[in-house]
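Think of it as A, B, C and D in the order they're written, each chain with its own count starting at 1.
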Amino acid sequence: MKLVGEKGVQRILMITALSAISSLLLIALFIFSEGLPFIFKYGAGNFLLANEWDPNTGHFGIFPMIMSSVWVTLGAMVVGAPLGIAGAIFLSEYASPIIMKIVKPTIELLAAIPSVVYGFIGVMVLAPVIRNNLGGPGLSLLAGCIILGIMILPTVISISIDSILAVPRSYREGSLALGATTWQTTHMVTIKAARSGIVASIILGLGRAIGETMAVIMVAGNSVNIPNSALDSVRTLTANIALEMSYATGMHREALFATGVILFIIIMILNSIASVAIRNRNAKK
Amino acid sequence: MRINPKYTQWGAVTILTSATIFTILILVFIIFFILEKGLPVLGLSFLTENPQEMGKAGGIFPTLIGTIILPVFALLIATPLGISTSVYLAEYTKETRITKVIRFGTDCLAGIPSIIFGLFGYIFFVITLGFGWSILSGGLTLAVMVLPTIIRTSEEAIRAVPNSYRKVSFSLGASRWQTVKKVVLPNALPGIVTGIMLSIGRSIGETAAVIFTAGSSLRIPSSVFDSTRTMAVHFYILAREGISSENAYGTAATLIIAVLFVNLLAYYTMHRFIAKRS
Amino acid sequence: MNIKFKIENLSVYFGKEQFLNSVNLEVEANKILGIIGPSGSGKSTLLGALNRMNELEPYCRTEGTILMDGVDINSSTYNVINLRKKVGIVFAMPVPLPMSIYENVVYGVRLSGVNDKKRLDELVEKSLSEAFLWNEVKDRLNLSGLRISGGQQQRLCLARVLAMEPEAILLDEPSSGLDPISTSKIEDALNQLKEKYTIVLVTNNTKQAARISDNTAYFLLGDMIEVGSTKQIFTAPLKKETDDYITGRFG
Amino acid sequence: MFKRVFILGMLLLAGIYMTGCGRGKTSITLAGSTAFQPFAEKLAEQFMTKNPNVNVTVQGGGSAVGIQSASSGAAQIGMADLVTLPEEAKGLTSTVVAKDGIAIVVSPKNKVNNLTTDQVRDIFNGKIVNWKEVGGDDVPITVVSREAGSGTRSSFEQILTNITLKKDALIQDSNGTIRETVANDANSVGYLSHGLINEKIKAIKIDDVECTSEMIIA
């Protein structure tokens, strides 16, 4: 401190604060410079909206992958969000503190289990169950949704619990004192007050689901296919990159980077929507 | 139509309870599935021996080293950067256009899929800067990946420190930096540690970005320019390529136990720290 | 008469709102100046101007001059950190820092670079004694400052200021949250301390001002209405507003 | 068994001979083809016991990574399993180190033991969708293939000629994962490098020709 002085400290901190944004720019620069020329060369419309992906014959349409990513992500939300939020409400409002003390760290521990482990369990346990009971190849959209849904549970539960617990006690006591049942209090007072945290947990889960690569490659089957049913095999945008990168050369490689560009743009749009939503909510307060 | 609140109460609690039990069962099943198949393989020799035939036989010693060294390297870079960024955002500026841009950038960085970090790390660190597949490339890539987590959790923790502490510190003639160092950071420490733990967990579990940047060599690294393989990558290769499912489960079980151990250690040290202060 | 602070045309704004309207006031050295007035009258803002704590709030603007021993402490060239070391403040709610009693007392001193153990020990004993707290805590100096009673915490906050050996002490309703016994202990301490320090005491409790202050000023809506000796203000106020306030017809 | 062979090429950067005999420990990195990785690991081990002052590191990544990293210098030796080398590989020295065959594999539970080349083509084209059409049980066929760009896949497609892989074929990105997927699903069929066949899967005779090492070399 003595060496650099107050102003110096401030300057150093400001420079470090630019690290995150400059990393982002650097990543964008590299991904875009590798992928963007391809999009111009091939045509954005052809690239985004065509159904045919066959690099050997020069067809690079990623529409099936976009649709698959959307379906997998939505499906994961349908599986993970209700379970996660219900679990968070139960643990923070109805369960005894001792159960909470044991269960919450366990759930947070699960967030640290590598995604490949989830993927492997999907292959070994879930896919055969789907194949034998519902038909299809087993490695499918459904398997992807379930595995991703389970993977986002820790994120959804732990952030939702934090935001529910942050609701002041007095709100709840006020409601209970007016004769409301605990459930009425929960859904009319507590959940409303904790809403922004719960929404944040879902958005974070959404981000994790759309970006997940390894687990999806393992369980979703990877066919380039617009799914007709939950039992069809699908390939997401992330899977497309990771699957084919190792053997891709020339146009093919550029097309994969272009897939990365699209993924990058989708994430940026999602984030913008999320930050606008959060700002609006704050403004209302 | 109005249903008696008693029934809705009963219905809601039943649904919540069963959803929670279901969730916990799934999660417990995953842990037990891995431990049941993995623990029989696990033993001192499994941890301390070198793998043979790409991991088909032998132990996982080099991957243990990789799993420790890569996250440590990443955190050594990301922690100071992340904390100082959050200090800058929370203590040194008002909400301006710059802080908004920084915050938006941080959020976007957090949302980027790991495969993109992998691609970026591969072209930038491995190829352009010529670091090759190495601990250096992998560690830097992971550092960029976990940076937003550390920034966000630290910023939350710093903002949660009561403003009155800062006021008192200033009133006693402290400069801003002295206040940050002596009052703000010590009180934000538990939250900051949580962020670091989350980051360690994420970097231990990462595969896509690590394979592209740190490679997958099974040799014990002798410098930061050497390639290494983490347990997660080892597990992925063993399980995916069908090299040895016993050793794959053993590796996964080791990973889970290691993560558990690190978490417990963090909880313990933090509680001691808090107990000492209050 | 020795003047410590000479405040001239002091106006303070937060954003567009004005909290003090061109205040003129003199503060005598080694006396207690009591400042009374209803809430929102600008009392605390005045204290905040005297050691420039107001600056920590965003969008705060301070105009006018404040001469301390003839030097304008409100000028941008005056070192604000040195100012705060010379002019200490005790806030309304006791806020011990989350560290031991000992470390709380020496916090400010350590910041100035004093680390000699013997010197620090002396300072702790001296300041805690001056704050009438030494006998209660001398055996448990390593206890967390958060673990003692509210009254003790407030005296700890006073001791923390005294350890800096300041020239003036500002107190912002120091006994608003305390029981009568703790309050009287703090008042006893202040009565002795005025021999060494200049004290400005903001209080909501007019009786407290009547009990211990030498001079009293009455503030209303950002204006300084009247200042004079405590006896004169409470027995023969010149302004009707002052009379209304101290007799309880208003405020 | 397809008698056609494909090549495991090894790309050498010319400079390696110059740097290989310096003082102290020298390190050599091999990168690329996952099909060749197991053999490279073994070769590396043997090489290092003979030359203790050389460090050999083997990386996977795929043929494209192999060629790219040899060109950029990230690796001294790139490994590729391709029939023909792409444009990028110009300027690199290539050496053929091994030949391999491609086997059609199914689960051992599958009754089918023999297929004609045409049947294989129709299965992968999507014209034959049920095992009963080729003499097996009445269950749908799950086709498993490598990803576009894979050396094994392009060789497979060159050998079969006129094939457009059916849309809903499962895609896996290595020989090992093809093997695991086929082993786990009794209805599936895939193709992989002959060297990786093990007891979990069954190689099918093609036009009554069995898959053996002798056949590949012939």
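The rule is short, and it goes like this: contacts are C-beta pairs under 8 Å (C-beta built on N, C-alpha and C of every residue); 3 or more make two chains touch, one makes a residue touch a chain.
From a predicted model like this one, the values you see are computed outputs, not experimental measurements.
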Those chains which touch chain B and also touch chain A: D
Chain labels contacting chain B and also chain D: A
Central chain (by mean CA position): B
Chain of greatest Cα-centre distance to chain B: C
Comparison of A-D and B-C by number of C-beta pairs in contact, larger one: A-D
Separation of chain A from chain C, taking each centre as the mean of its C-alpha atoms, in whole Å: 53
Whole-Å gap separating chain A and chain D, where each centre is the average of the chain's CA atoms: 34
Computed distance of Cα centres, chain D from chain C, in Å: 82
Distance from chain C to chain B - Cα centre to Cα centre, in angstrom: 48
Junction residues of chain A, two or more chains touched: 242, 245
Touching two or more other chains - residues of chain B: 175, 178, 212, 240
Residue list for chain C, restricted to those that touch at least two other chains: none
Chain pairs that touch, as defined at the top of this document: A-B, A-D, B-C, B-D
Chain B contact footprint on chain D (complex, rising order): 27, 29, 31, 34, 37-38, 41, 55, 57-61, 68-69, 72-75, 174-177, 179-180, 183, 200
Complex interface listing, chain A residues touching chain D: 53-56, 123-124, 127-128, 131, 135, 137-139, 217, 221-225, 232-233, 235, 242-250, 252-253
Contact footprint of chain A on chain D as seen in their complex: 34, 60-65, 67-68, 86-88, 140, 142, 147-151, 154, 157, 164, 167-173, 180-181, 184-185, 187-188
Parts of chain B lying in touch with chain A, wherever the complex brings them together: 5-6, 8-9, 12-13, 15-17, 19-20, 22-24, 26-28, 30-31, 33-34, 80-81, 84-85, 87-89, 92, 101-102, 104-120, 123-124, 144, 147-148, 151, 175-178, 181, 198, 200-202, 204-208, 212, 232, 235-236, 239-240, 248, 252, 255-256, 259-260, 263, 267
Residues of chain A defined as touching chain B within the complex: 1, 6, 9-10, 12-14, 16-21, 23-27, 30-31, 34, 82-84, 86-87, 89-91, 94-95, 103, 105-118, 120-121, 125, 150, 153-154, 157, 180-184, 186-187, 207, 210-214, 218, 238, 241-242, 245, 257, 260, 263-264, 267-268, 270-272, 274-275
